[in-house]
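For reference, chains read A, B, C and D in written order, and residue numbers begin at 1 within each chain.
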Amino acid sequence: MISFVNDYSENALPEILEAMTATNLEGNPGYSGDAHSAHAAEMIREKVGVPNAAVHILVGGTQTNLVAIAAFLRPHEAVITVETGHIHVHETGSIEGTGHKCLPVKGKDGKVTPEDVEAVCGPSYWGAAGILVVKPKMVYISQCTEVGTVYTKEELLALREVCDKYDLLLYCDGARLASALDCSDVTLPLLGELCDAFYIGGTKNGALFGEALVIVNDRLKEDFMYIAKQRGGVLAKGWLLGIQFETLMKDDLYERIGHNLNEKAKMLREGLQELGVEFSVESPSNQLFPILPDAVLDRLRDRFAWETISKVDEARTEIRLVTSWATKEEDIHTFLEALEKELSA
Amino acid sequence: MISFVNDYSENALPEILEAMTATNLEGNPGYSGDAHSAHAAEMIREKVGVPNAAVHILVGGTQTNLVAIAAFLRPHEAVITVETGHIHVHETGSIEGTGHKCLPVKGKDGKVTPEDVEAVCGPSYWGAAGILVVKPKMVYISQCTEVGTVYTKEELLALREVCDKYDLLLYCDGARLASALDCSDVTLPLLGELCDAFYIGGTKNGALFGEALVIVNDRLKEDFMYIAKQRGGVLAKGWLLGIQFETLMKDDLYERIGHNLNEKAKMLREGLQELGVEFSVESPSNQLFPILPDAVLDRLRDRFAWETISKVDEARTEIRLVTSWATKEEDIHTFLEALEKELSA
Amino acid sequence: MISFVNDYSENALPEILEAMTATNLEGNPGYSGDAHSAHAAEMIREKVGVPNAAVHILVGGTQTNLVAIAAFLRPHEAVITVETGHIHVHETGSIEGTGHKCLPVKGKDGKVTPEDVEAVCGPSYWGAAGILVVKPKMVYISQCTEVGTVYTKEELLALREVCDKYDLLLYCDGARLASALDCSDVTLPLLGELCDAFYIGGTKNGALFGEALVIVNDRLKEDFMYIAKQRGGVLAKGWLLGIQFETLMKDDLYERIGHNLNEKAKMLREGLQELGVEFSVESPSNQLFPILPDAVLDRLRDRFAWETISKVDEARTEIRLVTSWATKEEDIHTFLEALEKELSA
Amino acid sequence: MISFVNDYSENALPEILEAMTATNLEGNPGYSGDAHSAHAAEMIREKVGVPNAAVHILVGGTQTNLVAIAAFLRPHEAVITVETGHIHVHETGSIEGTGHKCLPVKGKDGKVTPEDVEAVCGPSYWGAAGILVVKPKMVYISQCTEVGTVYTKEELLALREVCDKYDLLLYCDGARLASALDCSDVTLPLLGELCDAFYIGGTKNGALFGEALVIVNDRLKEDFMYIAKQRGGVLAKGWLLGIQFETLMKDDLYERIGHNLNEKAKMLREGLQELGVEFSVESPSNQLFPILPDAVLDRLRDRFAWETISKVDEARTEIRLVTSWATKEEDIHTFLEALEKELSA
């Protein structure tokens, strides 16, 4: 079975596993108070170009998002997110679980627009509702988005502007940041300049697990790890996170992984385009959303795996194809050949 | 200033204030363990026709909704509500404050439809997301709705059916139930038959405060008052709630108040219709939503008060007019005359 | 049945009920945005002597405590309280319900001591546990305490000092503040000077309900009422709270009530002392804790009511007697005579 | 530096790391829906002897405890724990963070006794407080305890009995279960018979991370993983947990690790006893609590590491020494020799 289901189906990059073995008997202090975690944080600060950023590496994305929001917001403050936002749809109500409301906006191509923010924060539908409504306090974005698109530098600057206008925090979920760094003009230093906080994803970029949260805004830094611990988000052997990010940050491995994902996605995208396949959204990253005939999908199902998104019409379905660091070029060819054959069948 | 802003601008019906004074020195046990609360509960059970219903009278609507949802749902369970639902828009994220997500649906005329419920509970947008998404467990409705409409018996039966199909609780917010009982074919016994729980509103129907929650479903009854106390929702002098509902339930005072509210609304509605005024929604209850020229509203503003809902177009605005038990017929006439004059000015 | 069970068994002082009736048809804006609430707040600020204090009147004590703690603390911050503290024992885990841990300390005569605070905030039992333990951030005290004692000015100054040392907020629960103001050297201006926030209790001092929270510390003021609303703690007809506190603050009614409670308690205390009755604690306020033979209590039970506290030994029990504004002097005499008779039986 | 600080200072047993590498490119479905997780669960069910137990492997101990308690209890229900209980002292208020109160009891040698449970659940201190107090619903124990002691079969049977009497759940934290299985008469099948749920610790027993929660009580099983996901407790690459527990359960590796830990602790304990060292508690497991002169500790500090517990008197301090699977026998000898020398210096 050849799978394009996602980018986190393998354990980890060989470099990561080797680092795990090489450090096995070092003996490190627990709860992220170790030298590897400190070193990884320093490497990240350097790449981001914010010398006094706080860097905390947590285990998973849902955890990172919920701890950050629990730590950054007061109880009545809410998060603006696009309707397809991961925190809104695919984290089992974890944000609400910490007491905060998500305010979904329509967005465009999976991205929050300044107009969306204006609509929520400006004069509201029901008049001046005052204390009867939650107070928007954060804009949550993802880079890449859930539909594979990426914010441009210009879009991010515009979002920052509207955030400043309404005193909102800008927070970026970087679960798939490696791919985004390779296919957008948004760099790590730009994220460090425009976001109050963001995270550099590990799980979907070759680590066993781990997401490195970078807190730029000084007012958000205090006591962060207490709240992480309170939510069960502190790994006893925290150095395992440090080691993985030392590995990813060294010699630009992270950037190379991102490029590699995108190159494979490009091969897949171009192959599909050559076959005349339509896409539901134009995505430059490692997630592709082709629309294919149900009959064709049925005939491919026993050899290939993907994620089904939605029925487009009576005869066609939108699916998602994702490339990972472990995707083999020959598998892409095999898939495209099989698809070509079935499309013309 | 003549006000149609809402139905809770006066202290209380004279009968309520008299009962407060008459019972002043009785000496009652605290925390709703008194005879008045027990008697009021018994009167309500009789009217609802559910002899073993649990009845708990809390102070306010937001409080009743949040305690009920905190008590009825497990942490990952979510509430389906129409987009204009009070819990979703005007309770400052109180439901999320207890950890639960609201799942807003479009609805029709302010009402949840079976199709809305199907859309949320059936095969979902993003494929079989399993544990990544919250579990819909309750349908929240209001009778009257926030836009003054009411569910019919037929509509409620259809909702119950889809709730049964997906194992959902049906919960009805009755903040304005008196008006609804008078202008729909949904009776208290029908609510008792079809809802798992609902509340009979006091605050907006002549009480100083107080909402009587009726729990029909046996599985929802256990330890309810512990959770009410934990959320700060138990009044020390709980008998003050009991006394008010004894008064409202006696001699059909509650039903008479509802009829009175609607008669005045009818007078106002018909007067507006005679003046050719358009409404944003057809509402049979004590909330009316006329659309009026901004210029006219500007000239009326110093003598009359209303709630502004939204700009309809460049020249017109939708407003809300509400009648209360304390609304005077002469004030309605004065308003209609002034409006007629300004419309023809 | 003559009752000394508590000080909140009657509806309200006649002055309060009269004010309710006199203002009935005024027509006030909702959610505490009315002139009565503003006026009551102004009267309180004047009495407290803090011109820019924020004053918010909520319905009940548990509600006030939980909203204040939810608003003032971050998620990992905890509250130091004496073991008998109301928030720790008698509010159904409402503080934990908002996510915060209570840190109980032994105390002395129901009061937190500076030594207690030192023990919690200084070098801890389990070594430098860092992020593994909650962060003490508030000292919760009650004036009067749950055992009827009161803090002296000197004690309060010492607590403030240790709070400053460890950057802790000092919060005072004033459910029975009227009695305490009359029997201690702690005045309202002193509370305004030493506390970050405190509340002036209404429910147990002659109001129907209502507790006036005074926030002195500027950093705790922002958006307080959003959080109150989110927790269901905002009364729709908020002016009902304003009216009651206008009444209590006018012509020193509150102080007179406190004096009245204490005078009756004094009569009861001296009567008991004359009978040679022992007390479990020396309390100068309106709560008395005599220790009486079980046999005597059994013979008094059908004519008098009290609260049982605990078995002291095989033959004796500690009970609680409380005087209220509605306690009649003749009832005190009747009780003392009956007790004398039974003690010598 | 030779360290006896804890049993989770190394990455993992070589067998674990090898399994990570061997399975690297398998391609597994996410969120614990994989064959390794299923197989590990099956192996655990077999060892526990409860064929229909639910087994869920989470990443860490705090996380497992908080998710379990959030899933098992209703909002007003509380957890009885010994004062030194990990959830009470060293999890940053995570249980309160989910809304539940811990009810600490004195205990004996770090263990909850039936008498403790009786004291909390029987007639309470403050009379029949009813809804004003939380409802005890769970007894939380640890095997081994925080002070290195273990429950006997007899003690556990007695606890189960009192739990049944008061309708309480019995939950066992097994962070150090391997050691306990080796030095007590409490077996996995006995835990399966007497507990409603318990977890088999991985982190402190040679895994990289991972705790396997075993839910025996049918009523606690429903939708558990939804709540785990909501709290950020579901690992994307869940099979990494499955693989580790497959490894630990195979060929009794887990039991052998426990024996190994205890053998080393025995060597250390006997060595200390020969030197006449006193212990603060008699612990048969891999945690030892010797009391040593401060002067001696000061002279050992640059070569050896331990955890400081508390000052015993002016000249002596209680410390904690822990043996791990990676502890070398020669290090124990070196420590004992150095200590002997310093004690006689």
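To be clear about the criterion, contacts are C-beta pairs under 8 Å (C-beta built on N, C-alpha and C of every residue); 3 or more make two chains touch, one makes a residue touch a chain.
The model shown is predicted, which means the values in this text are computed figures rather than measured ones.
Interface comparison, B-C versus C-D: the higher number of contacting C-beta pairs is recorded for B-C.
Averaging C-alpha coordinates per chain and comparing to chain D, the farthest chain turns out to be B. Inter-chain spacing, taken between the CA centroids of chain C and chain D, is 41 Å. Computed centre separation for the pair chain B/chain D is 50 angstrom, with centres defined by C-alpha atoms.
One finds 34 Å separating the Cα centroids of chain B and chain C. Among the residues of chain D, those touching two or more other chains are numbered 75-76, 91-93, 97, 99, 131-132, 134, 226-227, 229-230, 234.
Partner chain C is touched in their complex by these residues of chain D: 75-76, 78, 89-93, 96-102, 125-127, 129, 131-134, 307-310. Interface residues of chain C facing chain A in the complex, by the touch rule stated above, are 31, 33, 70-71, 74-76, 99, 130-132, 134-135, 223, 225-230, 234.
The residues of chain D lying in touch with chain A in their complex are 1, 3, 5-6, 8-12, 14, 17, 20-21, 23-30, 59-64, 66-67, 91-94, 97, 203-204, 208-209, 226-227, 229-237, 240, 326.
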